[in-house]
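Have a look at this one.
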């Protein structure tokens, strides 16, 4: 019953045999073994699984992989440069002390990235909107907001 | 404390890049060759007899490798603080989180499917869900071998003469306060992978907060399983949040071990989010009867508290939370006469456990709410009554706590000033301010036979330093703090220090991440080890440079003479000189730090901690009188931390703790309805989102604790302890109603407002 | 979980044919935020999924006469649409508050309405905006007033295999304002404890409405209304809809009638709130207690009307965003 699908993952074309019942998250974590994208709930309620699809932040746990066909998907693994240099957003999260246990962080960073790609100098309100679907139990969000703001030169 | 290069600095967390790139490996991400996936079947009823359990269909499903039931648990093994909890229950179930069967299969999907194929027939029994009911004469016993549903634990503390003090008090405030179940909501769910080698030695990958104690628990289990004299190795993956949830071993870990033993394959059991809500142990609900009195000048005369805790169906370390509740009860503010009793009661609810603060939040909610009531009765400003009674350095409290550093008064003043208390308090115009303080152990807590932590430091040929510590990183930043301390003592850069902290085969003993003890204990341990290795290094360098040891110093990995900077030698070279010589040596130092604190005696007296942490939270709220909603307009969290080794990480603890406190105060509660969890998901369990954060200021008050590493005290837990009473007090100030039952929901506020105005609801 | 086919038709006709071919065992999926959850919870095991995400004729926002929105338009697209923000504000209020941004980026209004949860956020706005549901079926297209579309909990007036193409709403002038208030325990990622939508069309005899007074722009709406008291602002038309307080999203028709034709004042809105509260049938649930929900219907109906009125007399809310709600 598997079907072949093609999509762009972190700027590279990829071709997989997918079972239509799979979610994108399942394919990323279990099939491609890219475990940077996390599963915190599986129900769209925590944002740990956030990836960027055609420029928009999406919960990959609710996203049928069959819809990935022909689209461009960016995951946390796609942010770091080939030479190992962190993306400015990743660096900001590190430098501002926005990371504690880290489990929510890949999702947070992807949400923030989707925003900053669209809006390099976001307002506080836009920052909050961008991560309102990303739960974090450790940080109280304060330093996460600071980190996102610092990328846009807001601090 | 001047001239510090690493300590006191905002240094990014060492493990942050790994986490920010998605490369950190959590238990969810771990795959071992040949690994099987486990799944647990839970009871359908909160109290029932199991009449029939048929696993044949599950066992026959292709891909299933093992199915276990209670009958497969060898020798009636039970775990837990009172050894009352079998990992798989047989005969009778006592709660809806009771594990009754488990499957191992080649994929998670097959394991999930197999569990659905297990057939169980129950005979439902009436349950007891209210601890007060459970305490009544003639109530059915949950555990037949016990005589009463009240746990046999001696929680009682008495000091002075409360009855006499009552008579002499000018004012007395008395009331009941209740708190709810709240759960940790670690974003990374619980899980483990258990694996046996050919000689039946166990390796368990776990996200425990207590590797050494867990190792001990598992060793004991193996013994009961008939595997004597085996080794247990606990390896921690990156841990996706702890907050106390992983402070005890759980049934799922023993189940994974049994499945691994049966299948001879590594077996992974990782909770789904539903399971995480259902089957991890929350903060216990409490019913607190409190009365406090003061004299005509507002000086506290006595404090009397009777508490009932819903223990749930089994007993974890959480049943010892009353010992930590005693800390604020005996020692928050100066109170000469104290009487405290607590009962933990079995019910058919979920069993409770540790959660950040370990009982302190529940106790402080009652104490600090009641203190405001007392201030009102006495006609004193709530700030004033706190000033009058504030703890001070040098004090010995009724429990014999020897207070060394104490910044409580400073914390109170920070809150008063930053909230503009004078102008904002007492207006009753829908806006109000409130405050509450806390005391917590800040220099470890001797709740176990040892309160120690070991550190080993070794330096390699290239001058790189490995710090091997017993303490665990659960996101709080201990790895970085330890590296900072070692960097400071040795004079090497942060990048040259590698902290190894996740493997009991390698790491020395540590009692665990609890009691806000890691910076203090592991920090002191690392400090001692660093000093020892520095002495070794300097001794060799002195010979090499022809200078006396006292003249030498090290910076950025280079040893030099303070008299003549030209006389210097890089650390790596010192190392190689020592190593590659006849009869050569490598540099290794070891240090075990066990703080000079005391276990409680029979009367619950003893200096539990070497130092005590203080703090005050203040909030300004606005109450919508029509909807009952409470909005926090301003939130000040001032904490006496001794010394901030890393202010950035410390603020992170305060912000994170503070928001957990806000959740506890205003919205979070697990709804257990007659034994069934009704809101076990992130939509219905109202943990705060980024939209719910108030404007918040973390204020660091430094009191320089002499016994702490570079003056530091603990801050892990205090961040959420006084939040709820501060908010409750502010709500009262805003609209004149006191909510005595957490969380402070809009319904409760509105109901109280209507009742106050004589309306019916 | 059994496996299933996943079809990606590109037209409504193709989608309906696939559904017919599945023998009724297929399930339409749009954003999937309800369907995927149900599948994971094993409450739904579809024979096949028929995706509407790539169906071009469901993804449109047409403002040429009134408003026509395709069923596959996402909540985020609705929330960010200028015209909807201006003239159909209740709808953008609701769409911007659904779940989280990640959810809104994929979840659709069609899915929201067809799922027929009593808590569906866009239901109340559609009710007050006099929307009709455009339905494609075997025998062609038909339009059903939204009020007749909701039949009961999780039941809508869709025949087997039928697809909701979109929603059509009449044009409203600048004399009409609307608002939706979602009452939640959290500020994001939350289903409503209850939801209240209101729409009012205002008439003022003679003069043009709109607040020209500089002071007026920052004052709170209750005070602003007092300035208008003599001028006889009349409520010409009104709609009030309530969510989560009945088996299906409902209109508070008695309250609407009581409001129509009356001179606007805050006191009147208090009364209207009470009438609306008497019309609803809330129940106790883990998400809220009945007495509280009923009382909030009273309070929030008043506030929703006030907000809708405010949007007519002070339309320029971009200048003074801080006075806003």
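In order of appearance the chains are A, B and C, and numbering begins at 1 in each one.
Please note the rule applied: a contact is a pair of C-beta atoms (placed from the backbone, for glycine too) under 8 Å apart; a residue touches a chain by one contact, two chains touch by 3 or more.
Nothing here was measured: the structure is a model prediction, and the numbers come from that model.
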Of B-C and A-B, whichever chain pair has more C-beta contact pairs: A-B
Nearest-to-centre chain - CA centroid comparison: B
Whole-Å gap separating subunit A and subunit B, where each centre is the average of the chain's CA atoms: 30
Centre-to-centre distance between subunit C and subunit B (centres being mean Cα positions), rounded to whole Å: 44
Multi-partner residues of subunit A (each touching 2 or more other chains): 42-43, 45, 132-135
Set of subunit C residues in contact with two or more other chains: 1, 100, 187-189
Residue list for subunit B, restricted to those that touch at least two other chains: 682-683, 689-691
Residues of subunit B that touch subunit A when the two form their complex: 10, 12-13, 15-26, 28-29, 31, 184-189, 238-243, 272-273, 474-477, 648-649, 651-652, 654-660, 681-683, 687, 689-691, 693, 696
Subunit B-facing residues of subunit A, complex: 29, 33-43, 45-46, 48, 75-77, 79-80, 86, 90, 93-97, 99-106, 109, 128, 131-145
Sites on subunit C touched by subunit A in the complex: 1, 3-6, 8, 29, 32-33, 36-37, 39-40, 49, 51, 53, 76, 99-103, 105-106, 187-189
Contacting residues of subunit B [partner subunit C, same complex]: 109, 113, 626-628, 667, 671, 673, 678-679, 682-684, 686, 688-692, 745-747, 750, 761
Complex contacts: residues of subunit A adjacent to subunit C: 1, 3, 19-21, 23, 42-45, 47, 50, 56-59, 61-64, 66-67, 69, 111, 129-130, 132-135
